[in-house]
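Here it is: the structure, laid out below.
We call the chains A, B, C and D, going by the order they appear; numbering starts again at 1 in every chain.
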Amino acid sequence: MTSKEASLHDAIAEFVADGDVVALEGFTHLIPFAAGHEIIRQRKRDLTLVRMTPDIIADQLVGAGCVSKLIFAFMGNSSVGSLYAVRRAIEAGSVSPIDIEEYSHYGLLARYQAGASGIPFMPIRSYAGSALTDINPNIKKITSPFDDESEIYVVPPLNPDVAIIHAQRADRSGNIQSWGILGPQQEVAFAARKTIAIVEEIVDDDVIRSDPNRTIIPGFVVDAVVESKYGAHPSFAQGYYDRDNDFYRSWSAISRDPEKLRQWIQEWIFDTEGHAGYLNKLGEGYFEPLIPVPHMSTPVNYGSVR
Amino acid sequence: MTSKEASLHDAIAEFVADGDVVALEGFTHLIPFAAGHEIIRQRKRDLTLVRMTPDIIADQLVGAGCVSKLIFAFMGNSSVGSLYAVRRAIEAGSVSPIDIEEYSHYGLLARYQAGASGIPFMPIRSYAGSALTDINPNIKKITSPFDDESEIYVVPPLNPDVAIIHAQRADRSGNIQSWGILGPQQEVAFAARKTIAIVEEIVDDDVIRSDPNRTIIPGFVVDAVVESKYGAHPSFAQGYYDRDNDFYRSWSAISRDPEKLRQWIQEWIFDTEGHAGYLNKLGEGYFEPLIPVPHMSTPVNYGSVR
Amino acid sequence: MITAIQTDNTTTATPAAYTASELLTVVSCRLLQGKRRVFAGIGLPTLAVALAQKSSSPDIEQVYESGVCGAHPPRLPETIADASLATGAEAILTMPVLFGYVLQGGWIDVGFLGAAQIDRFGSLNTSVIGPWEEPIVRLPGSGGAVEVMSNSHEVFVVLRRHNLTSFVNELDFCTSPSLRAARLAAPKVPTRGLGVSTVITDLGVLKADNTGELCLASVHEGVTVEQVQAATGWPLKLMEHITVTAAPTAEELRLLREDIDPTRVYLR
Amino acid sequence: MITAIQTDNTTTATPAAYTASELLTVVSCRLLQGKRRVFAGIGLPTLAVALAQKSSSPDIEQVYESGVCGAHPPRLPETIADASLATGAEAILTMPVLFGYVLQGGWIDVGFLGAAQIDRFGSLNTSVIGPWEEPIVRLPGSGGAVEVMSNSHEVFVVLRRHNLTSFVNELDFCTSPSLRAARLAAPKVPTRGLGVSTVITDLGVLKADNTGELCLASVHEGVTVEQVQAATGWPLKLMEHITVTAAPTAEELRLLREDIDPTRVYLR
């Protein structure tokens, strides 16, 4: 099988173009931070950023001026703070530098599902009475052709130009395996025209093939697979490193002040020249306290012919 | 957590009533044969049998007179024969003892998905021009409210009274783990009002909890969990035993002759008094040539707090 | 003047021997009695479920928006994204299964929600203060709140600050509509459950009457009915019998402080 | 009389040195050149893909209806339910992902189908001989055929017996409609791909012209054009240049017989 291995630089350079609709997904877990930083480093512009839960990565991309539109369902820095760069933009109102398009979690997830499935809409059991239907023309009501002629809200497909996700491991042909909280990664990869997968490690085919049910995205859906250890920092990779809660707590103080934010982006992204530089700057031993004690799954037997 | 462990006899006696809509699922793999036999043994009547791929188990249930309606997408004994009891019934035409309701695979699967999701219909990208739309009023066309006003076919939810599935392992609270070909088991379990899960082995909680991503159905969806080794025979359980292809090949000669079929059901189901009796009758060592050589998954690390 | 009538004679800790967080947790826990499956994020609801599991409701289960079911974290998770929620859980479901099948399928008995604003029938605003197009404060948005509201059999809302800013006559933005608002807006869309049945605040507990209107059901010790009415932005109706919240028992406090949150991650 | 013109001068095995199954497999394999992802069940299509992988198209992938992708079975699977297809595969997808995302998402280049009856534009009957309500012979039904037909970029149909029973002017039942039938029946439902582009039979190969009508494109050695026309239940049109199928090469036969199906599970 053809290798799809690429450097982070090359994957972003080749598959992310100015003006693209780019989905960066990962639900609290496995957020593709290194890829987001590389987008900033390459000074991509006018992106429509799609993310169910815009968090620090969105604050950084908006703060760096890469984003002209944000499609989202929940924005925040968990319970420890706000996304001040995003808020400054949105709270500017009519002079905001970014447009927003707002859903609930399942509303946006259902758009990925419809996009992956090639269907013109996906019905979901909510939105009746929500003001989201007033401000978002993509949430429409239709009538069931069955029985009671009940009505239901539907959302249209979303097919990003590029999906960027992070996972624990893959082989060179891009079969992606992940465990722990899975998020909408499978849906967005199938929905997108191109998919970049960043992984903690590229492993031998045999490892992947010893557990095919663990593959969440088959290789044919993936256009580039990038090995980038700690590429989800400050979020986490189940079994590899825990969440850097100190960093999350420190973010408000940075993001609240536009000048501090600008300095942070300069220092940690533009000046680091790649993810390796970012890790160097964090310093040796930085991840030690975040590495969990091993807790292995009990192997299952797939059986082999006699 | 409350134990949901039950005997096969009690699970069928308690949760399957005459007249019920009963889904027996498993796509080539993990077909719940022991449960089907127990339904025959308990002489359940007037069942609507739902199964994407009616095969020998359907032939047996129809042959034993348990079924008054069959909802399906593909009926057959793989490449080795026909289901003669089912065919005799259907080919009787206007005097057929059973009604049929026919879909394609995704049409029926989408009905489970809609049933599990509480939505009035699920859109699918096929059926335009198919005569299935003429003979099945559950396949209807609707107009998209978006953009181009394209049309799409939809199917309504299906919520069986009972879903019966087979899996490799579970804990006593009914968290079901399965690997290999997964079939529509997750969808039908969530769609059904009650779910009976038969497993090769009930294992300690720790085994299940060492690999939570392997759980396809959480315990709260399961009403009874039954340990019944070899309960999928003559189909297979990945890693436990291979398919009994000899049995599948022998079926046509039995099923083609109503008297032979009657005798087989008497001998192998009514006279065996339970799955243990059926296994006894197969004889010691029967499964030896079907047991695969171990081929274990590479464990993954979930990590534990330091 | 209406006086609150204490109807509960459980032995209570001495007043002020517990914090507001502890009180809200204990009140929430008691309201969970008889419930089976709770959809909740990290924070007070998690504490309430943990307390229920260790006291009145050993079989109660918490389901997380991330898809984690039957979590058994060795220590209290610091965030919803804590790796310890996944390790040792009974199941981690995919997101389509969690939202599509678990929530929409009607498997959740009680959904816990918070909000910046709540109205008389339990509609919630978590999107914006001021107009959506010209926000004064941009809030996080719905997340899964719209789905939790529409699909749980009932919803408990926990609000740490009962005041005129949060209990409003009219929401700036209706993110998650009450059952009543949903039915008025789209009568042919099927609904499920009761919507917001219960609101737990630092002053007392509101419960929905049979029209869905939130009415005062109990006040905490030292709080008067008038005080709650004055802190509510609509003419707050009263249940026929208003109780005084029974204070946390010594055992409830011991469980919370020693077993469940010894490092006081949430018991601020 | 139209004479078939042999345009292919590849070295061929001596006539009758191969079976009909071998010929159909080799013809199918050659038609797969340049294709990437093939949706097929067990049988001739699997052999054709295996042969393609070992000869002209090392990167071609087979996707199974069961959700198995990138199977590496140590021996040829006896049935689609062979456990050896799962062990060592690159991915096993859930059924909603396989049907919803892989098929409906348009990831399949070539879908292989069989049928009891085919019509002039490639509509297929796999449901019933006789009326649906009063069947003479009840057939298996669609399975995933309707979805494969609607969602693959093109469909190859393999029919071992080219005769008037299977090549009919009018189907008893249209299970899986041709692209043309789909568009006529429901012009506003979006379609994808070409429908049936190619039919491979024991007599020759039919290909769709630009209206979608199946026309004779090649005949196998020893078969005349008239013979194929007589075996077809509609006035069979001819492509401008009709070739004679190049016989299997010695290397193709060696791969099939020695490497791929040494126990002749499918090479009946």
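What to note about this one:
Everything that follows uses one rule, which is that a contact is a pair of C-beta atoms (placed from the backbone, for glycine too) under 8 Å apart; a residue touches a chain by one contact, two chains touch by 3 or more.
Bear in mind that the values here come from a model prediction, so they are computed numbers and not experimental data.
Using the contact threshold fixed earlier, the set of chains in contact with both chain A and chain C is B. Set against the Cα centre of chain D, the chain with the most distant centre is C. Measuring from the averaged C-alpha position of chain C to that of chain D gives a distance of 59 Å. Taking each chain's centre as the average of its CA atoms, chain A and chain D sit 40 Å apart.
Taking each chain's centre as the average of its CA atoms, chain A and chain B sit 36 Å apart. Among the residues of chain A, those in touch with two or more other chains are 113, 117-120, 124-125, 141, 150, 152, 179-180, 182, 186-187, 210, 213, 238-239, 242, 292, 295, 302-305. Taken residue by residue, chain C touches two or more other chains at 68, 83, 86-88, 92, 96, 100, 104, 151, 190, 192, whereas all remaining positions touch fewer. Chain pairs that touch one another, listed by label: A-B, A-C, A-D, B-C, B-D. Remark: chain D residues 36-37, 59, 61, 68-70, 72, 74-75, 83-84, 86-93, 97, 100-102, 104-107, 151, 190, 192 touch chain A in the complex. Chain A makes touch with chain C in their complex at residues 27-29, 53, 72-76, 78-79, 86-87, 90-91, 93-94, 102-107, 109, 113, 124-132, 135, 141, 143, 149-153, 179-184, 186-187, 235-236, 238-239, 242-243, 245, 248, 292, 295.
For chain B in complex with chain C, the residues that touch the partner chain are 1-2, 113, 116-120, 171, 173, 175, 186-187, 190-191, 205, 208-210, 212-213, 215, 217-221, 302-305.
Listed in rising order, the residues of chain A touching chain B in the complex are 117-125, 138, 140-142, 144-147, 150, 152, 154, 156, 168, 177, 179-180, 182, 207, 210-211, 213-214, 238-240, 242, 289, 291-306. By the touch rule above, chain D contacts chain B in their complex via residues 42-43, 65-68, 78-83, 86-88, 92, 94-96, 99-100, 103-104, 123, 127, 132-138, 140-147, 149-151, 173-178, 181-186, 188-192.
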